[in-house]
Structure formats: C-alpha cells, structure tokens
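Below are two complexes that have subunit A in common, paired first with subunit B and then with subunit C.
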Partner chain A sequence: MFKISLNIIACFKWVVDHEDIKVNPETNELVLDRAGYRISDYDRFAIEEAVALSEQYGGSTTAVTVGFPAAKKSLKDALARGPEKAIFINDPAFANLEPSQTAAILAQSINNQEFDLIICGEGSGDLYAQQVGPRLAEHLNIPCASFVRKITIEGRELIAERRVDEGIEIISMPLPALVTVLPEINSPRVPGLKDTLAASKKPVVEITGSDLEETVPCLETVEIKATTMERNCEKFDANEDDLKRFVEVLLRAGVID
Partner chain B sequence: MDFKLTEEQELIRANMREFCEKYVDPVAVEIDENSRYPAEIIAKLAEMDWMGMPYPQEYGGAGLNYLTYTMVIEELSRSCAATGFTLSCHIGLASGPIYNFGNEEQKQKYLTPLCQGEHIGAFALTEPGAGTDVGAGSTTAVLDGDEYILNGTKTFTSNGPVADTFVVFAITDKTQSAARGMSAFIVPKDAPGFKVGEHFYKMGIRASQTSEIILNDCRIPKENLLGKEGQGFRIAMQTLDNGRIGVAAQAIGIAQAALDESISYSKERIQFGKPISKNQAIQWMLADMATDIAAARFLTYNAAYLKDQGLPYTKDASMAKLFAAEMASRHASKAVQIHGGYGYIKGFKVERLMRDAKITEIYEGTSEAQRMVIAANLLR
Partner chain C sequence: MAGVWVFAENYEHGLELLQIGRSLADKTGVELTAFACGDKEVGQQYIYYGAHQVFILPPLAEDQPLETYVPAIAEVARQEDPDIFLFAATLRGKEIAARVAARLNTGLCSECIELDIKDNKLEMKRVLYGGAALQTIICKTRPQMATIPVHTFTSVTDLDNTRQGIIKEFDPISSTPVKVRDRQPRAQESGDITRSRVLVCVGRGVEKEEDLKLARELAEILGGDLACTRPIAEELHWMPQETYIGLSGQTVKPELYIGLGISGQIQHTTGIRDSRIICTINKDEDAPIFKISDYGIVGDLYKVVPFLSQELARLKKK
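== the complex of A and B ==
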C-alpha cells in the first residue's frame, strides 16, 4: 500500500442524547430540559472512517463542528477518537440551525482549508435531514457520494460502495470529494484512557459567527411534537374466511395494495 | 470540597461507560454463569491503558488521581462487579504496594508490566487461620544466602489463578509481634516452589478468580523483599486503606445498577392497572436507595480526595467502605424485592447484583473490622 497522505475533514454534530428525551403525555411536547448531549451517533462513523483512512493511507484528520458555546464539550470527546485537531465554529446563534445554514457555515469555514476528503454522517442524530453533506459539497463545488458503506482510495480517485435501493453501487470520483457514510461502514473505536488524556493537548481552532457571513433560515419551525404510534390488535385463524378478512384488513390499513 | 467532575473526569467516566457497553455488558451474564475469567476484557482494558491508571506514566500508568480512578471502578462495577474487582485488586492491592514501597528497580521490573497489563497482579495476605486477625499468619520467610525461602499456604487470593506477580506476606521474625515481624515480598508465579492451589467456587463476583496459593520451599531473590524486613504489617494495612476505597466504589457501582434496574422495571411493571412505581411503597425504596448511594459517594470521594491531598484517610476509607458495602447489600436486596419473583430468576440483573453485593461486606476487612478501625481512630 503506497502512502498518499490525505487531509481529511470529519464533520460532526453535538446533539441531544435521544435516550434522555421525554415526552409530556398531556401536550405531546418534547421535554429536553434534563437531556444530555453527545456526538451524533452517525457522525461517530464519519470520525472513525476519517481516522481509519488517514491511518491506512497516511495523512491527518480534522474534526469540525458547528454549534453553540456549550458544544465546546464535544471537542475533547471528538479528539479522543483520533483526529489530530478540531475546528469549532461557535456562536450562541447556532443553537437551532437548519441544514442549509449549517452547510453554508461549514462551507465558509472549510473553504480556505486544504483538504482531500470531507466525511459526514448520513444524517444527524436529531433532525436526520440528510442535507448537510450534499449541500456542503455543492457549496464547495466538489463531487459527493451519499449512502457510502466502503471507501477505497487509488491515487487521486475515491472508490465508494453505495447502498442504494437496487443493491450496491460502486462509483469512483476524483478527490477532493465529499462522502456521507452509513453506520455499516465501520465499528467506531472506544477511546482509550491515554487517548482521552491526550485530547486535551490537541489544537482547537475557534471560528465565531462574526468571522462569517450571516445565513438566513428558509424554514420556520411551528412546533415539535412526539410521534404517536397507534396499535391495533386483531386475531385471525387459519381458515379461509379469516384469511380473506386478514387481506382486507391489510388493504384497508394500506400495508399492501 | 467540591466533587464537581472536571470536563476530563466526565469524559473518562463516559469512556469507561462506552467501554462497558461494547465489551462488558454483552458477556457479563455469561461470565457470571460460568465463573469464567474474562481474559478478553482484561486484554482490552490493557490495550486501552486502564490497567495502571493511577500510577505515573513513567511506569506505564496514566497518572490519574485516585478520585478519578475511584469513579472508573464505580462505572465498571455498574456493569460487572467481578470485572471491577479484578481490576481494583490488580491496581489497588497488587500494584499499590509495589508503587508505594518498592525501590526503583522493583518498580521497573514489576510495576511497569503490571501497569501495561502485560502482567496481572494479586495480593496474598489471608491464610486459613488468619483472616481478620492478620497477625495470626503462619507463612514464614527465611533468608538463605541470596534468596528468601517461603513456606505456607495463602487462601482466598483474588486473581490467584491468573496472576503473574504476587505480593505475599510472611513472618520473618518470630520473636517479634506480627506488627514488627511480618515482611512483604514480590513473588513471581514462576518462582520454584510456588503453586496455585484449590480454586474457589463462589456465590457472587464469580468471574473474579479466587484460589489458594501454596508456597513449598518457594525461593525468590532477596531483592524481592518489599520495603524493609518487619515492614510487612504496615504495608498490608496501608494497601488495604487504598483498597477499601476501591471496594467502596465497587459497592456504589452495584447499588447504582440496582437503582437503575429498579427504576426502569417499576415503571414498566403493571399491577392493579398501573405501574408499580405509582405506589408509595416502591417510591420510598427508590428514594432511600438514591439517598444512600449519594451518601456513599460523598464518603468515598472524600476518602479519595484526602488521599490525593496527602492527608490521613484511614478512618475515612473505612467509613466509606463500611457504609457503601452495607448499603449496596441492603439495596441490592430491595431491588430484588421491587422485581418480585422475576428478581429471583437468573438472567435478571438484580439477581446477580444481590449475590455480588454481599462480598463487599467481607473482603478487604469485614464490616466488623471497619468498625474496629473507625472506633480505634475515635478512641485514640
């Protein structure tokens, strides 16, 4: 294996820990006041893939996050997972960004960095809009592959295996490029104790909102409510009448057509 | 005093939790069931630098303070108390005396591989006739030229069947009281005349391995004397002071797991048309558990904090161990109660927790022994 030395950027988001989200049974509203935060699960695969590729091909990884000041806590956590440095794009106004804004902010911040590859999670653990990756690639005018489950680098070409509806698609694209990765791509390492201790000593570059052009939201959040699931229970026997009735019920419920 | 976790401590604790979810939780039931030593978990702990966490980096440790170490043992024990104890025995009881009393050569030779997890450590003090009465031991060590010859039987040695390096206590001067006539030695498992005896089959912490150690004209180089001749009793007592903080942490981990399980089960279990958690009787058990856990944590973190500050902590370590152990046993039993019949069935975590909790009242000094230490400090 020849060394290429890749400069990789892994994007991650600091999200509400979904296990801590409670629902107010009366209003169906989400109760977040006692929720903790964590690096979005999907982004853990992005960070791991970036670090693994830079170990395999040589090079280094920069972890980047856009967030509000409290997200500072995420940096050591991210750095303990292997990246050499972090960029923290931080502003109190960045608490509830929509994907188009996050992508625009990332693009402005990344534009003057040298990079060969940007890796994002397929979606974030909270909104799962699956937009930041492709929008960011568009801003930077680089090729993008989503739903990636395997990455190989050959010279200046990236070969990606994508899981699509029809099966597995294998594509190649020139670097620099962006990929969004699926959880099946790897098994993120658990940081060791010394990795955690070393994380404090790694460099963090901070960029604030005032360093960037303002972004405007194009969506308005009216309300956020918990989904409700309705369950029905009907019993069927194995006789002809019941089987007919079974098919009718499935048709009515829209499960089959 | 402020036990608010630093950002780094929080992250270290979270990493241990992640470690447990990935490597410990999936096997905790099986290793208990089969009394199996989880060699693969220990290898992972070594790979990830947990095996020497409170010792300096120059010996392969990670240089954590004792308070952080305590939190890590608690977190690990929340998933598996047997693994938590295997680690705290290795770090506190076996590596501890070598770090605190060993000379530079001994540290290089024995402490470094222990910290790196290449070797496993054990602490052999208890004998069939000498439990709480540590000084009643009859194992002897006699200097013969450049070697000591050890004779005797040690019992209940945790990590005995799997350890490479043993800290062994033996009488070197029969004319003196135990407090002056006992010495401590580093005994490698391949020393001639060293043998692992009977393995014990236990009620709880079954994945922790416990055995007899038989020393039959066991010869070790005289350089393996730890500290000076006659210092053994002091070394043993100081080591147990440290170790007790680890046992307290283990007990808190068990109690926390008992509370976690009880909260989630009581919210799900429906009787009389509502979750059992709606009954005040259940709520009070949960409230008492949480309160005792918080109290035990303060006692234990305080003892660790005093140790980190270089202040006396013998009494505080005993108080922490006594209170944490008794509350863990009490509440693990309550957790089974909250689970009703299901709590008595294998596979429900609280069944294991109740068995695992009991030992914390016994080893590294029984609850009675802790009360003796505390009272002796009060009446001095």
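== the complex of A and C ==
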C-alpha cells in the first residue's frame, strides 16, 4: 500500500483509579491519598488507534500527557503500547487542571511539533468532560470530528465515521486534524514483557510549566461530595424457596402484577 | 441583548432548554434567547413558548455538518455577551459547546444535572469519577456555560401564540473544511428505555448473544424492556447503542430494574440511581452490585432466570 507517513499525537491522561476511591463516612468527602493511578481507560483506545494507523499507513506516534510529577509512571505504560516517543508536560501545578487549561497547555506544547493527526479519547476517566479534544482543535485552528468509531486516510484527507444522535455521519476533512475516538473503534493490545522492556529505551521529552504561559481556571469548585446510594441490600440464595420468596417481595412491593 | 441563551440541535430538546432557561432568566430578571437551526417555524414556536428573542441560523447544505455553525454562534456571543449559555448535551451539542467555549475563552460545565442561581451566579452540579462523586462548580468567566443532558428537565408546556418576540436571521454560513459524505440513520428503531416502567438489564455475565433470549423472555413476562451495560453494546454489538445504561449511556428511572450478570461498576450504576427498586442476579457474592441493590440473588443467571420466568408466568396465569 502507498505509504503516506503520518505523524500522530495521542493524548492520554493519568487518572485516579476509581475503584480505589474511599469515602469518609462522617463528612462524605472523598479520600484519594492512597488511591492508585492508571492511564485513563478511554485513552487506551486513542493510543491504540494512533499506533494502528501509523502501522497501517507508515509514520510514527507520540504519546502526550499533561500531569503532575507522579504521572511520570504513566510514560512507560503508554510507550509499551506502541508509540515511538512521549512528551511529558509536567508541573506540580498540573494536578487539578480543568479542561480549558489542559487544552491550552496541550496547544502550547504541541504547536511547534510537526503533526498530521491528534487523537484524544472521548472523555477522561476522572472528569469525563469531553472537552479537551474539541477545545484543543480550536486552539490549533484545525478541523475536528468527535465520537469517531472508524478512521481511514485517503491521501491528505481523513475519513471518519462518527456517532451522532440519529445514527452515523461519515465526514471527510483535510489533515492536519483532530479526532476523539469511541471505545468501539478498536481493541487495544495488551503489552507484553518485550514491549515493556522496549518502552524503557524510548525517548521522553519533558516540558515544564515554566516553559509555558500560565493558564487561569475559568471554573471554581465549590464542593465535591461522594454520591451515596442507600438500598435495602437484602440477599437471596438461588434455591427454590429463596427465589419464591424473592418473587413475593416484588409482588408486595407492587412493581409486578 | 445579554441574558440567558439556549442552543439545541432539535425542537424537542429546545423546549427542555427553554424551560430551564426561562426559570433562570426569571430569577435573574433578564431576557431569554434561543437558537433555531435552519427553521423559522421552530423559531416562532420558541417565542410562543417563552423566548424573548430567537436567532434563526440559516439552513445548512447537504454536506455541511451541524458544527459548521460554531464560528457564527461564537461570534454573536462575543458581540452580545450573554450571562448564561446552555446547550443540549447531544453528541454534536457537546462538541459545539466545547468549541464555542474555547473560542470565547470561558468555562463549561459538561453534563450539568442540577443548576440554580446563588448570589447572582449560576451554581452547577455534575458527576465526577465515573459517578462516585458530585461536584458543585461556578464559572468565573463569561458567559457561564453548561451542557444539559436531554430528559434532565421537563419541557415547557404553556404555549401562548399571541406572544411577540424578536427574530434575527443570520447570513448564509460559509463552509468549513469538514464535509459530510454520507449519513446512516440508526439501523433499528429501538424503544426509549428512559421511559420504561420495568427494565431487565444484561451484562457480561451473559455468555453468548443467543442467551439474550433468556433476558428477553423475563422482560416480556414483566411487561418491560431490555437494556444492557456498555460492553454489551459497544464492544460486543449485541444490542443497540441507545440501550446501554450509565455515565456515557442512558439515565433511567424505572419502577423495577433487574440486572443480570452485572458487576456494578460505578459508571453503570450511576445511570440507575433513580430506579425505585433495584434487583440483581450475580454468581459472585462479593460483586459490588449487591451493595446498591434492594434485593440481590447470589446465583447463576442461567439457572435463576429461567426459574423466575417460569414462576412469574405461572402466577400470571392464575
């Protein structure tokens, strides 16, 4: 096949593992200090798509993340998934950014890189704001398609199948461009030992906050509280007596007739 | 005219936003402006339902995607400086809102599920961490923007077709580099699970596509509909996209929810929070779903579901 050679940037976020989130029962506040972190689930699809496209059409992939120093740990994991290099935009102040800031920081850092395509996840695992991708496209003044489930490249055009509320829209746009991708777009490969070893040898470019213009948040958080769900929590076994009792409970509750 | 502005890609969502927009406009004593996409008739209706002003965006050419409106929307907002700007959180609505917010250099609350005016500021709530937490935010820049999931609020009902309002039309919009090549409507018209009284919801504990018939049978006996978790729709493609429940799917409020083979990850359960009764069947007694269930059956769904269907059918006959 004719090689186009694409420089692709995959944006990923290092997010708190939601299964590790604890709640202080007295204040209903979240306790995050012992929580582990991971590459945001949805961004695995973004990295995979970037790597798969560069394998298919030729070219290379750069994984980019904005984070605080502890996010250094994410780089090896990201690189083991196939990108040739990583850019780590790192600052202690980058722990709780809002989407407008993340997009502005990414835009400044990416601006002088050569790229043909930027791929973001549909939303980040923690904020799930679904904003950074489209905002970044606006900052860089490039066309954008969101909620994409299939990408093909024809010359300097990108063809995307994207979800809209009534079904699917197939669009084309010239490169360079940005897409945000849905999980259905691919099945991310699971890195093996060889990939992990190779990852440690790949180059990482570090950019710090002092290299960039400062960003100011537009949003202010007034409060964050755990959501609670109080339920009966009555358990039944799978034997005949218990199941009959279960049906009776539903009858009495008036939800079945 | 500043005030509260609303944008929705279709008429039905537009009426929902008018309802919220009008309550906010009344509370702050400002005017309400709505956008209508390419249809003067819709704009006229919006006025009858309470908009003081409508902006009629010009019809788009066949190959122009809805996002073609972004520069025009951002430009008029820059000139007129609204206080509050709300968008219906359809897939395209979310992209348009994010891009308009970027152009206006302002903050955007995504998928706002509650909002109110406090000290003349818009206070907005949204979920974080997949549904584990609720965040309250305010926006310090102008306009204060939010996307609102559809069906979060009721539509306006009090139509008054003597109402007068200002109608402003836009010039035709020049094309953007993104072109629509084709559109494919949804394959099957699946029912709207957000309105179901009873929902039987399947998860990955169901091993094969053909086993969905066990769940379908139970749903039929209960007079309910079938729903699923995200992987069933998005990874396995066994059920239509519109039938999965959760953070990135539908929010449902049935009288009865019965979950089969579902682990209970927060991204799913956040969508069933308002169900009246939650029942679940899972063979793992430590599955997190039991913590948020009213009645949980610890057992193999392949044994439990046929028995329940049989038992319910027997009772029905009586």
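Heads up, the rule we're going with is that the second predicted complex is superposed on the first by the 227 of 257 C-alpha atoms of A that agree within 3 Å, B and C clash if a C-alpha of one lies under 4 Å from a C-alpha of the other, contacts with A are read in each partner's own complex, and residues count from 1 in each chain.
Criterion: a residue touches a chain if its C-beta (ideal position, glycine included) is under 8 Å from a C-beta of that chain, and two chains touch if they have at least 3 such contacts.
Remember, it's a predicted structure, so these values are computed and weren't measured experimentally.
Ranking subunit B and subunit C by residues of subunit A touched puts C first. Contact with neither subunit B nor subunit C is seen for A:E213 once the two complexes are overlaid on the shared chain.
By the touch criterion stated above, A:E26 is placed in contact with neither subunit B nor subunit C. Of the two partner chains, neither subunit B nor subunit C is touched by A:D241.
Judged by the touch definition given at the top, the superposed model places A:P191 against subunit B, while subunit C stays out of reach.
No residue of subunit A touches both subunit B in one complex and subunit C in the other.
Subunit B meets subunit A in the complex at residues 7-8, 11-12, 14-15, 18-19, 22-23, 47-50, 53, 62-64. Residues 73, 76-77, 80, 190-197, 199-200 of subunit A touch subunit B in their complex.
Of all residues in subunit C, only 9, 65-67, 90-92, 94-95, 98-99, 101-103, 105-111, 123, 127-141, 176-187, 198, 222, 230, 234-235, 237, 241, 247-248, 255-256, 266, 269-270, 273, 276-279, 285, 290-300, 303-304, 307-308, 311-312, 315 touch subunit A in the complex they form. Across the interface of their complex, subunit C is touched by residues 16, 18, 21, 30, 98-100, 103, 122-123, 125-131, 133-135, 137-139, 143-147, 159, 162-174, 182-184, 187, 217-227, 229, 231-238, 240, 242-244, 246-247, 249-251, 253, 255-256 of subunit A.
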